[in-house]
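Below: one structure in structure tokens.
Lettered A, B, C, D, E and F in written order, each chain numbered from 1.
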Amino acid sequence: MSLKKKKYPRESFVSMTELVLPNDTNTLNNLMGGRLMHWMDIVSAIAAQRHSNSIVVTASVDNISFRHPIQLGNVVTLKAKVTRAFNSSMEVRIDVSAENIPQAKKIESNSAYFTFVAVDHNNQPIDVPEVEPETDEERALYDGALRRRQLRLILSGRMKPQEANELKSIFDIKEAQS
Amino acid sequence: MSLKKKKYPRESFVSMTELVLPNDTNTLNNLMGGRLMHWMDIVSAIAAQRHSNSIVVTASVDNISFRHPIQLGNVVTLKAKVTRAFNSSMEVRIDVSAENIPQAKKIESNSAYFTFVAVDHNNQPIDVPEVEPETDEERALYDGALRRRQLRLILSGRMKPQEANELKSIFDIKEAQS
Amino acid sequence: MSLKKKKYPRESFVSMTELVLPNDTNTLNNLMGGRLMHWMDIVSAIAAQRHSNSIVVTASVDNISFRHPIQLGNVVTLKAKVTRAFNSSMEVRIDVSAENIPQAKKIESNSAYFTFVAVDHNNQPIDVPEVEPETDEERALYDGALRRRQLRLILSGRMKPQEANELKSIFDIKEAQS
Amino acid sequence: MSLKKKKYPRESFVSMTELVLPNDTNTLNNLMGGRLMHWMDIVSAIAAQRHSNSIVVTASVDNISFRHPIQLGNVVTLKAKVTRAFNSSMEVRIDVSAENIPQAKKIESNSAYFTFVAVDHNNQPIDVPEVEPETDEERALYDGALRRRQLRLILSGRMKPQEANELKSIFDIKEAQS
Amino acid sequence: MSLKKKKYPRESFVSMTELVLPNDTNTLNNLMGGRLMHWMDIVSAIAAQRHSNSIVVTASVDNISFRHPIQLGNVVTLKAKVTRAFNSSMEVRIDVSAENIPQAKKIESNSAYFTFVAVDHNNQPIDVPEVEPETDEERALYDGALRRRQLRLILSGRMKPQEANELKSIFDIKEAQS
Amino acid sequence: MSLKKKKYPRESFVSMTELVLPNDTNTLNNLMGGRLMHWMDIVSAIAAQRHSNSIVVTASVDNISFRHPIQLGNVVTLKAKVTRAFNSSMEVRIDVSAENIPQAKKIESNSAYFTFVAVDHNNQPIDVPEVEPETDEERALYDGALRRRQLRLILSGRMKPQEANELKSIFDIKEAQS
């Protein structure tokens, strides 16, 4: 009999720091959204690798809002950890902040959810450990993951709305996000 | 008296072609999701620029699903056009396909919605022309834009669910997406 | 009996869009010629791939004039299609335009001819379909390709000038170019 | 009275060395032509800067042939010097070689002529020193520059063929190239 | 009267994570030393910025040993903090580790000391807070910084060996390094 | 009987030229130290390849001082040659200069010593030719290499200080550096 292993969110935690260089910016000297998403994808892929100890591929990205411009020369910090696993897929939450260090200004830029699938060398999905949340925040993220997953499946046409029992609480999703 | 100008979706249409190079790929020689989102951001920003004839900044990205791996050496084609405008913001739909030309294989990879805000040189929002859809497909995208916008506002905590009259048809979103 | 396949120029048509970023520019904030040629090579290689459904390698580049500076933040559009094939080699014409979208200014920047050779995985040349021009412009490009090829062969020391019967009309090349 | 300064070709000589990295190569692991042209543009722009002690912009590129594939891991050496000046424009010759150092194999890859215009900070052309060739090879390049210039002007539609007295010796161009 | 501010090493702590991509590697698919030093410079510059809340420029790099090859696809973690300040200069220690996550292998790769100078917008040095070590390890790094500084000054010809009283304990430097 | 081959320093000489582009610079438009070290690593690796005709890996970097800021648009010249070999390892000296060509200003920026190990395709060290210095400068570099090597070994904890007989002349190292 094989006991299914569990892992804590902190075991997959990754922190990444990037400096905003000229080629990362638009005409207004602000970080381009696409460049930030590129970094988000890398940091969350590493978190998913840490959780699954396997190769991972990006499966989906949830709605992302870009509220504050991030400027040339800013230091961007991205923090990622796995919130919940479903068989071979993992949801990762990423929190992004940006600092103008000489001016000692820091903003919480935005957060996002990326999902990854663990695969073997033939690109076939493989099972991953379950997530065992430890803190209240982690438990809230763990619980919300089910609703977010149903929304994802409906938006990609793989679940019928009437089956999405958890999604009826969609109107609570905004709390889980903030 | 100034008449508000309207523009057709085809006036903002942009087609972009990229070759998948080694640094764009992961350990399995597949295009990384973050790199693809970077290209999506550039092509849709150009579409939004064409519609507004102004500088634009990325405001949000809707849920994106990555269904098929895109491989090293593939040619990726990204097509973008503005579906609808709301004051200073514009929704852009992007369709991505990938080809292995020597093997004559082409896949419809995925589609996505990005929103942009038109700004002046002081980063202040400015109004943009309205969108006048011409074809049935453009009208469907134009109509769906309202529901997608309400979902976006709720997910980012800027609209109360009970006010989202259009969103009650959320369960139809999946049709507009396919 | 195998009938040799023919293809139309429009079957190899490719459109590529690039945004001029800081690292693409020189001290005057103008796009560097070498960066533009890098993009020209990629777009025309894709056109040659589409025509031949094979791997291609750059064989030569004809004289290119850079008339107008292209600036930081401009959107560059490159359009390529195969004009004529000779056994395993293909001539591709590329037309480049540049736009300052916020100012609604567009310039026809320049055009160029690149030639490619179709090869197999051992780097050996393989035959490609012939080109069947459909429009008057395509027929003019098809006819001019012979003169341009003779000039190429002479300039690279692989043809004796006295054998270049078609090249006697070299003084008409400039018309085919404009 | 100001005497017009002259400069020797060796005063503008530049040698540049590049290592072929994965992103510089195509599916066959060969250096892409466009990447090589990008390097050619940089090395020849530096030579033109050295001759003119001013900012320079690329004006044109002559026909280039790519004869031998250059491979991943090869070391590419580019050598450039100004061959002749015409008022504000300079012709630069570039010689490219490639080495597989562990196998002690070196090939003369190809050569090319780029022309540059010296400009001030307002993008206006400014006069440059004349070139004073010292060696036989430099004198041959200096003499050939006139014919190459006439061909360039005809190909870009800025000179009538019948005025190109020097170009009647076009059939000698191939010697000057080798 | 102005009290000179002090800061703890943990206030300048920065953690950076990078994924080794194809272009970062040599012919053996190992991370190139120069690429790693580029990342070391960025992470330590951010630590120096955090300590000084100013712009910083790299002043020197101490001897670095590269003991273990880091491979394509590895995740590299760089941790930096300021060990000691001298007027306008700061010494930063960087520790580098590398992981093959799918194989659950982690190596301590190497460590290094970079020094930075805090400058204003005219590139003039400005004073920075002193460092107040809190832990035993931080105190050992703080003490060793004096010897390392004297070695640096001698190696760059700015201090006479006979004045380097602290350096007589150079033969103890190796302990501080491990 | 196999005679051990010797090589002259000039046989490994490499000159590399780089143009400082926007992404290479910090907030003050100066070249970042890490970018310069990346170039130093490439040029010195090529010199070590030339000496050993084998694949090489970076083993260590000696103390580097950055004295003068190098600016956006400057042309950086890096010159490298092997000074001495020890079994499978080679010391390479790199001299860096920077020019503002339009202003005809040139500075000797800095110099550095990198060491490399020659390896076979299994990453195992292989012997390299000895170095035969020809000029007085080359002999001084050859002699100094022994002291620098002992310092390197002590700093990396692989030699006991009391065994470093040559290092007693460490106080002369500064002369060999200038």
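Following the convention adopted for this analysis, a contact is a pair of C-beta atoms (placed from the backbone, for glycine too) under 8 Å apart; a residue touches a chain by one contact, two chains touch by 3 or more.
No experiment lies behind these values; they were computed from the predicted model shown.
S.K.: Give the chains in contact with both chain D and chain F, ordered by label.
M.R.: C, E
S.K.: In contact with chain A and with chain F at once: which chains are those? Just list them.
M.R.: Where chain A and chain F share a partner, that partner set is C, E.
S.K.: Interface overlap for chain B and chain C, more than half of numbers shared or less than half: same or different?
M.R.: Same, since over half the interface numbering is common to both chains.
S.K.: Just curious, how far off is chain F from chain E if you go by their C-alpha centres, in Å?
M.R.: Inter-chain centre distance comes to 21 Å.
S.K.: Where the CA atoms of chain B average out and where those of chain E average out, how many Å apart are those spots?
M.R.: 43
S.K.: Identify all positions of chain B at which a residue touches two or more other chains, and write them in rising order.
M.R.: Within chain B, residues 22-23, 26-27, 42, 45, 55 contact more than one other chain.
S.K.: Taking all chains into account, which pairs touch?
M.R.: Every pair of chains in contact is listed here: A-B, A-C, A-E, A-F, B-C, B-D, B-E, C-D, C-F, D-E, D-F, E-F.
S.K.: Quick check on the complex: what are the chain B residues that touch chain C?
M.R.: So the residues of chain B in touch with chain C come to 14-19, 42-43, 45-46, 49-50, 53-55, 75, 101-104.
S.K.: Within their complex, state which residues of chain F touch chain C.
M.R.: 21-23, 72-73
S.K.: Along chain E, where are the residues that touch chain D in the complex?
M.R.: Going by the criterion above, the answer is residues 22-23, 25-27.
S.K.: Tell me, which parts of chain C touch chain D in their complex?
M.R.: Result: residues 26-28, 30, 32-35, 37-42, 45, 55, 57-66, 69, 114, 119, 121, 123, 151-152, 154-157, 161-162, 170-171, 173-174, 177-178 of chain C touch chain D.
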